[in-house]
Amino acid sequence: MENVCKFYGEFQALKDISLVIPPGKVTCLIGPSGSGKSTLLRCINFLEEYDRGGIWIDDRLIGYESVGGRRMGGRALREMRRDIGMVFQQFNLWPHMTALQNVAEGLERVKGIPRARAHEIAAEALAKVGLGDKTGNHPSRLSGGQQQRVAIARAVAMQPRIMLFDEPTSALDPELVGEVLGVMKQLAAEGMTMVVVTHEMGFAAHVADRVVFMERGELVAQGSPAEIFQNPGDRRLAAFLQGYLERNSLEL
Amino acid sequence: MELDLFREYGPALLRGLGVTIFCWIVGTACAMALGFLLALVQRGVSARPVQWILRAYVEFIRGTPFLVQLFVLYYGAPMLGLRLDAMPAGLLGLTIYGSPYFAEIFRAGLNAVPLGQIEAARAMGFAPATILRRIMIPVMLVSALPALVNFSIILTKETVILSMITVPEIMFETQTMMAETFAFAESTLVLALFFWVFVETISRIGRRLERRATHYLLDRS
Amino acid sequence: MFSFQTIIDNLPVLAASARYTLLISGAGCLLGLIFGALICVAAVSRAPAARAFAGLYVSFFRGVPLLIQLLLAFYLLPLVGVNVPALAAAIFTVGLCAAAYISEILRGALNAIPRGQAEAAIAVGLSPRHIWTRILLPQALKISMPALVNELILLVKASSLVTVVGIVEITRMSQAIASATYRPLEIYLTAAFLYLAINLVIAALGRNLERRLAW
Amino acid sequence: DMLEDIKAAGKITTATEMHYAPFDMLENGEYAGFNKELFDEVAKELGVTAEYQDLPWASILPGLEVSKFDFVNAPVTITPERMERYAFTLPISDATVALVQRKGGDLTKPEDIKGKTVGIQKGTAQEKQLEAYSDTLGGFTIRGYGSPDEAYADLAAGRLDAVAGSAPNLAYLAKTRPDVFETIQPPFGEPKYFAWVTRKEGSESLIEAMNAALIKIQDDGRLAAMQEKWFGTATALPKEMPAM
Amino acid sequence: MENVCKFYGEFQALKDISLVIPPGKVTCLIGPSGSGKSTLLRCINFLEEYDRGGIWIDDRLIGYESVGGRRMGGRALREMRRDIGMVFQQFNLWPHMTALQNVAEGLERVKGIPRARAHEIAAEALAKVGLGDKTGNHPSRLSGGQQQRVAIARAVAMQPRIMLFDEPTSALDPELVGEVLGVMKQLAAEGMTMVVVTHEMGFAAHVADRVVFMERGELVAQGSPAEIFQNPGDRRLAAFLQGYLERNSLEL
């Protein structure tokens, strides 16, 4: 990813972001609200068009035919998006389908897998996230944590090369967060390439291979969790972590 | 109340019922289809002229009485060389008249589909047509069904205006009976009863569809 | 063939008849909104009797054509000793019928208001009357504005049915003129434009209100 | 008794559908026509004033039954079935069936409509006559309309070859739009008549008084003058109820 | 509060809860999801009817005319609720009114204070929560933190004897939580009686005078923050705190 810029009208949401996402590793994006984390993530699968620079996955440019060139056609874009799974903060499950159908739908419609086989794969994917017994439930009959796990299964079942998570736990009650983080840890252990926007510093600290700190559309600091959390060199990063710790300490 | 009346006019009244129901089904289905198409174009094509034309169509058709539209279509259009028979003209009239109302209902319904659900499908590489068919339409129905049923019920009553262009529907037949026999009370009763049963049936079916479309939402506060 | 002279000659008379259209649909709309809101409150109330009443009300007024309701109001009520003047009968019937549709529209909108809105009002200690008039109905009104505009436009056009109680509004007047001049196309087109003008004003007011209610 | 009530009130209230030219029509928004002039004269003879009301046909008979008004002053064709339910006055006008066609049409006499399509206001006595005529002539297509206006419009639009109706109505039509319509002479079928209608109970003396007035108006020539003005020709009317 | 029980159908959401809320102090309710914290809070102002036991404020029984007796009439209930302010997780501001109107509405309609005076009081209340310059904004033009502060002002302006907070910060972005907790700390410092359901252990640890731990509808432990957080005697409490700490630590 090189020199990516994104404008909303006058407002520049991303400022010359250059970043390498190591394959098979977990990269966590942290930073204050409004710093452009979601925007960056959404540029990677081209839900937002970026305005300058380029994003590549395995040497394939995303969204444009060449840097600064024409937009990709609909078919090419869809093909490209197959390789990128995304899990949203609000889950965005389809309410009229059961958990199983939610997962199988993409397999059937995008990959063209026959229904019976798609349902098999979907059932496996759900079993893997610990929902083998909830395949027939509609999202409205699942807790938030369960819903988010279905969303993860839905993305994983498509066998993407890279998974994007946008604050996958911040719409969840604290008790349910654990379920989802557990599934994500498991994915990480299996060597899935993951980019995770998160407010869960504990997760970032324990699971990430790289942590990236953003502020006001700029990439301020990146490094291993140890570098970022133990020795926050940057002043803004230090202030951000300080605030976080204060809110969560139990000391008197 | 003279039951003899129904011996004589019963068959014609029954035929009228059949014609009314037929016109309502075909007219409503076509109007819904056209309305849906209009809503899709309104949503999908952002070119200004197209938007204006659609807006004008909606406001113009919605703003004028069905009676007048039908009259112009049936008695006026031949001046321009378009001569339709009563039944095709009636069905075309119903289609045109209903379409802007349905278009507005569908437009509101589509706008109410949470963007996230569409983005989730887009992010997975769904084709636009698949997103529409598999995600947007089923989700939209939840909020749009009551309004769709409401307007379909209104259309049942607009079908009586087809009597003006000699479509032999229930109003036409009751008018005949009334004119020949002066049996006013009986005619009114027949009409009232028929429409009440007709509308009640439609709203029952509507409620059942509504329950089916929303069953997955019901039991969680 | 097409005679603009006919239109010019008859426009004043036709426009004058529009005042009945305006009066009946205006008053009917006001009544419809008030009764519609009341029926809607009854329909979602906890009292089974109120709910049953609302159900029957909607079933009757939505089920029986307005034309027949008007005939009943005008010709059956006298049989049981109630003699209403034509204009009052027309306005009330149109208003009561509109109320059935409006109450259903509002009921749908209520479903879209989060439960917490009413709970917050209860917790503050507002009385049921205030919860409805200050918190729930204003929001329902805004949510259902497009559907209400649809309904009001239908109401303006449905007001043509009041001819059966002897009120000469736009449609009736144009029928009469058409039959005297034998130029129905010209006259009906003129009538259509009168309706269009009224309805465009309603649509514009609706959009304006919707924009002003944006919060 | 209706006559006493009316005299006591000093007025007679009536209802008609004011679009049936030249009997009942609106001129510049005011009620006018043959019917109005004649009824005004009759009321004058009774010593009362007449009040008119425009109602659609669907409301007129029910309105009469619940006494919303005293008389139906619409021209109603006298038929035996109708006489069973309502009380009729003496005839006020001829109502024999005639035909009208588009200007320059190829019909020259009534018999020419064999095999063609003819429009008619349905449910009228004229429709029955037309059906009988079709049987004797050996067949033509009849299409019924809710009101004569729509039949005329369809004739103009070219879907019909002719429209049948009562002779006075058609004469006035051809007179008003000579560029579009022309009548086909002569009328055919049995002679028929229009009359006014009221409730049966309590109306005997009123009908008697009105019939006397009608005869008087015919005898002193006022009727003929009105007929000239509205129909273009004067025809004598029966002075007692015609046999059906 | 004595022996309060609440059933949802068969399910018993509250099991014999007995508890004294010290006046002028801050009581925090903590516990896993579904443990009945919200239900308990909602019973206090009778948004939920409890089925057994009794709740008293200054010797006045809440919601019933006597223990196990008839329900209070609507008017008496409303009178009683005046003394109890409530702040919801979802704010529940009225979207069609400005911040000022949201606060003034109750003053006018419930207390019958004339409009002009009500607006004055409302403006003061808003100024106190740091929103003196936002009085004319509708809720949609306020950030989540600001909305929650309006909700607090709305409750405080009614001068209740006791304030109930149901997870007042869990619908907020982490950056916005600080604003709201700040206002609550200030209220606590002024001696307002407060009952707070919270997942913010930091807040509970620093501000509460008493902490109450619930699980499965039972009151498991209560005590000062020191007792609860430093020496969690109860096994379930200890496990709960352990899970919380793990998720939020930055240690590697």
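By letter and in written order, the chains are A, B, C, D and E; residue numbering begins at 1 in each of them.
Here is the rule we use: contacts are C-beta pairs under 8 Å (C-beta built on N, C-alpha and C of every residue); 3 or more make two chains touch, one makes a residue touch a chain.
According to UniProt, the chain labels map to these proteins: A, E = ATP-binding protein; B, C = Amino acid ABC transporter.
What you see is a predicted model, and the numbers here were worked out from it, not measured in a lab.
The chains that touch chain A (ATP-binding protein) as well as chain D are B. Ranked by C-beta contact pairs, the top pair of chains is B-C. In this assembly, the C-alpha centroid of chain D lies 81 Å from the C-alpha centroid of chain E (ATP-binding protein). Spacing of chain B (Amino acid ABC transporter) relative to chain D, judged by their CA centroids, is 38 angstrom.
Chain A (ATP-binding protein) and chain B (Amino acid ABC transporter) have Cα centroids lying 45 Å from one another. For this pair, chain B (Amino acid ABC transporter) with chain C (Amino acid ABC transporter), the centres built from the Cα atoms lie 19 Å apart. Not a single residue position of chain E (ATP-binding protein) touches two or more of the other chains. Residues of chain C (Amino acid ABC transporter) in contact with at least two other chains: 67, 71, 184-185. For chain B (Amino acid ABC transporter), the set of residues touching two or more other chains reads 71, 75-76, 79, 188.
Under the contact rule defined at the top, the touching pairs of chains are A-B, A-E, B-C, B-D, C-D, C-E.
Remark: chain C (Amino acid ABC transporter) residues 114, 116-117, 119-128, 130, 134-135, 138-139, 142, 213, 215 touch chain E (ATP-binding protein) in the complex.
Within the complex formed with chain B (Amino acid ABC transporter), the chain A (ATP-binding protein) residues making contact are 45, 47, 74, 78-82, 84-86, 88, 90, 92-96, 105-106, 109-110, 138-141, 151, 154-155, 158. Only residues 1-2, 59-60, 62-68, 71-72, 101, 104-105, 108, 112, 115, 146-147, 150, 153-154, 157, 160, 171, 184-185, 188-189, 191-193, 195-196, 198-200, 203 of chain C (Amino acid ABC transporter) touch chain B (Amino acid ABC transporter) when the two sit together in their complex. Of all residues in chain C (Amino acid ABC transporter), those touching chain D in their complex are 13, 16-17, 67, 71, 74-75, 78-79, 163-166, 168, 172-173, 175-185. Interface of chain D with chain C (Amino acid ABC transporter) (complex): residues 15, 18-21, 25-29, 53-56, 58-59, 62-63, 65-68, 147-149, 152-153, 173, 176-177, 180-181.
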